[in-house]
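Here the chain labels run A, B, C and D in written order, and each chain numbers its own residues starting at 1.
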Amino acid sequence: MAEDQQPGFDPVAGGRVRHRDEAEVEFNRIVSFSDGVFAIAITLLVLGLAVPEDSSNIAHELLDNRDDLIAYAISFAVLGRYWLAHHRFFSALERFDGRLMGLNLVYLAFIALVPFSSEVLGDYSRETGAIVVYAINMILVSGTFHAQLVYSYRKGLVRPEARAFERRYAGPANLLVVGVFLISIPVAFASPLAATLLWLAIFFVGRWLSDRLARTRS
Amino acid sequence: MAEDQQPGFDPVAGGRVRHRDEAEVEFNRIVSFSDGVFAIAITLLVLGLAVPEDSSNIAHELLDNRDDLIAYAISFAVLGRYWLAHHRFFSALERFDGRLMGLNLVYLAFIALVPFSSEVLGDYSRETGAIVVYAINMILVSGTFHAQLVYSYRKGLVRPEARAFERRYAGPANLLVVGVFLISIPVAFASPLAATLLWLAIFFVGRWLSDRLARTRS
Amino acid sequence: MAEDQQPGFDPVAGGRVRHRDEAEVEFNRIVSFSDGVFAIAITLLVLGLAVPEDSSNIAHELLDNRDDLIAYAISFAVLGRYWLAHHRFFSALERFDGRLMGLNLVYLAFIALVPFSSEVLGDYSRETGAIVVYAINMILVSGTFHAQLVYSYRKGLVRPEARAFERRYAGPANLLVVGVFLISIPVAFASPLAATLLWLAIFFVGRWLSDRLARTRS
Amino acid sequence: MAEDQQPGFDPVAGGRVRHRDEAEVEFNRIVSFSDGVFAIAITLLVLGLAVPEDSSNIAHELLDNRDDLIAYAISFAVLGRYWLAHHRFFSALERFDGRLMGLNLVYLAFIALVPFSSEVLGDYSRETGAIVVYAINMILVSGTFHAQLVYSYRKGLVRPEARAFERRYAGPANLLVVGVFLISIPVAFASPLAATLLWLAIFFVGRWLSDRLARTRS
């Protein structure tokens, strides 16, 4: 264990668990990389918006493409929420290891897919197929986020003072998101619109959970 | 309040107001994320420029597309200005909470839309519709920025020494921008060119306000 | 040499070797820049995915384009791995000079090419040409990474405590990657699928090497 | 001057000159923003590469598009060089003000244009028009960089120990780049290829200047 005291060099791939303060630069670099992927993915959403092709009636064409704007708004809100959750989770981490970093990369791969799913959703928002693609992407994002939560609890990587909060709040909130998106898939076969409205419920339930938690804690 | 002393863990979604020094990493991460969105949006503006499709007369085709370059210049200047204002506002913040972070995300959603509005403007700069789209985008950006200013004043999140400056300068300057873009919408129905020229006035008025302020303070 | 003691100013182009602590801001800026290129390249991979063009059967069209998703997954995994290796290498660096920075830029030029090669691979995954293009890109990435490793060992830029690890693990692992991609080129002329499967072997061999190393060290 | 002592709040738009240590967070944020624009612009170059459209002969189509790869290589090298120069210049800055930040934004607007000029160059590398577009872009980049150098010398914003180096090396090297690109414009009317070869000379002259300087200093 003596070599663990060597400051500054730490092969992430080596599978050793390290304290975030022991390897602050490394930890910050991983957080920055994740933030970078989030910031780029959220800004690439704009590429899914179709620029009108005919000058005769721009306003009309934009109104026809309003589903593009709705998909943009949904995806921006969803990615923003995921970023806040990721942000909170990483601030609750006390230690990390190579496997958690691997899980984080898989998670980021699904985050970086959102601009694609969002463009599909914007172009075919009334088609069951597009709703299903979007829902699957979100389930994969939330699922790999959950895998990170579970793994870091099992390995004891979370700060003691944050454990109760993460276990009682973040875990269930995340499973709820998975559940809503799962349910929305069969719903989409009956009505794509109903599935989209179901997604909106997440935001209100999220706020309600958040408010209830704030009351419980005070 | 005892749990406020726990260093390092702070659930942003929890609604608690925190001092920026108490949660420096969190605060910096939010600032970095915002800067990332600004940097990406400003660099994606270039994707709105149309590459000539016919080699026989490149210079001629580029001149025909000069409105693309003008839209690029306007949008770069506008995003640069907004970034400086956001930059200044965040340096004046002493504390922040989850609601302010939420407002900031909505603000960033409108910032990230600018490459789209800018491409529409570049492609149809003589059409009323394109001017209106661009003006609405700017009003939404300035409006959500103003919401952040007002909210943080009301909640006392701004450093005492910066309050007078922000109240006397940043707030009015921002409302002025909203006003000019609002007025440009009816103007665009009469003359798209006149509306564009009206926007240019913001830069000169901004400088004049800035100079006048500098004189007042010295 | 007296001017080497002047803190803070250090012309990278000047060819002088500097300690990372002596020029911490500079060093961090280079690391951030590299991370930025990685984060952008990995997020741009999504632009290689083709959005369905016909609403009649989205699911069918997406299934037809499943090679796009496979290329996305491969490239995300590959760029993620390279990033971890680059990350580890830079954390093992003790000093750096202008020539290493130049090599790093060439390396980043090949990293930034991956979204292109990946799109070619996704569009033509059964064509020998696409496999060869992808393999060449990877050989250039690994080759310029190896050049950085070799150069920094020769110039003694690596921390003493990290030297054994880098020499025994990182160097051979990287050459192995080069080897597998080299072999995959003639294989691709016989069977593009076989070449792709060969690439997968890198991940398993990499893990096996990593596990074996962990056992050796403990 | 008393208000200059107020730590932390500093309205960039206010036109006051500030020491980089006095406003470290502000200064770093500007540097990060510039680095972000560079990293994004350099990575967006890849979007200028044309993916083959016909699977029958990918290798052949890629060879036909080899000018795309040459333009990519030139632009990556050029942006890398500009980044190193910008990097060095900002590490030599001791103080900064709003006007310098404004100049830096204009400079970044021309940096962010490079992916466009590079795509034009890659598509029409044998056309005079494309060469001229590229050369004008580079002249604008170098020109606004020079404006920053001159302004910061005149206002005494550069660290004393860096002044001689910047004045004797960075300034002339930058003017040389402007000169070569200026000369390449008339040359492009005679021969686009000759103009491109002329650009290559910059790299060799740059190295020679750098080597000569290293000898002079030792």
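Methods note: contacts are C-beta pairs under 8 Å (C-beta built on N, C-alpha and C of every residue); 3 or more make two chains touch, one makes a residue touch a chain.
Note that the coordinates shown come from a computational prediction; the quantities given were computed from them, not determined experimentally.
Undergrad: State which chains count as neighbours of subunit B and simultaneously of subunit C.
TA: Touches both subunit B and subunit C: A, D.
Undergrad: Strictly by the touch rule at the top, which chains does subunit B share as contacts with subunit D?
TA: Of all the chains present, none is in contact with both subunit B and subunit D.
Undergrad: Turning subunit A onto subunit C with a C-alpha fit: angle in degrees, nearest 5?
TA: That rotation is 90 degrees, given to the nearest 5.
Undergrad: Report same or different for the subunit C and subunit D interface, where same means the shared residue numbers exceed half of all residue numbers found there.
TA: Answer different: the two copies use largely distinct residue numbers here.
Undergrad: Centroid of subunit A to centroid of subunit B, CA atoms only: how many Å?
TA: Spacing between the chain centres: roughly 25 Å.
Undergrad: Between subunit A and subunit D, what's the gap in Å when you average each chain's C-alpha atoms?
TA: Taking the mean C-alpha position of each chain, the two centres sit 36 Å apart.
Undergrad: Residues of subunit D touching 2+ other chains?
TA: 32, 36, 40, 44, 47
Undergrad: For this entry, which pairs of chains touch?
TA: Going through each pair of chains, those in contact are A-B, A-C, B-D, C-D.
Undergrad: Can you list the residues on subunit C that touch subunit D in the complex?
TA: Per the touch definition, subunit C meets subunit D at residues 3, 6, 8-15, 25-26, 29, 32-33, 36-37, 40-41, 44, 47, 101, 105, 108-109, 112-113, 115-116, 119-120, 123-124, 127, 129-130, 132-133.
Undergrad: In their shared complex, at which residues does subunit D touch subunit C?
TA: 31-32, 35-36, 38-40, 42-47, 49, 51-52, 55, 57-59, 62, 72-73, 76-77, 80, 83-85, 87-88, 91-92, 159, 161-162, 165, 169, 210-211, 213-214, 217
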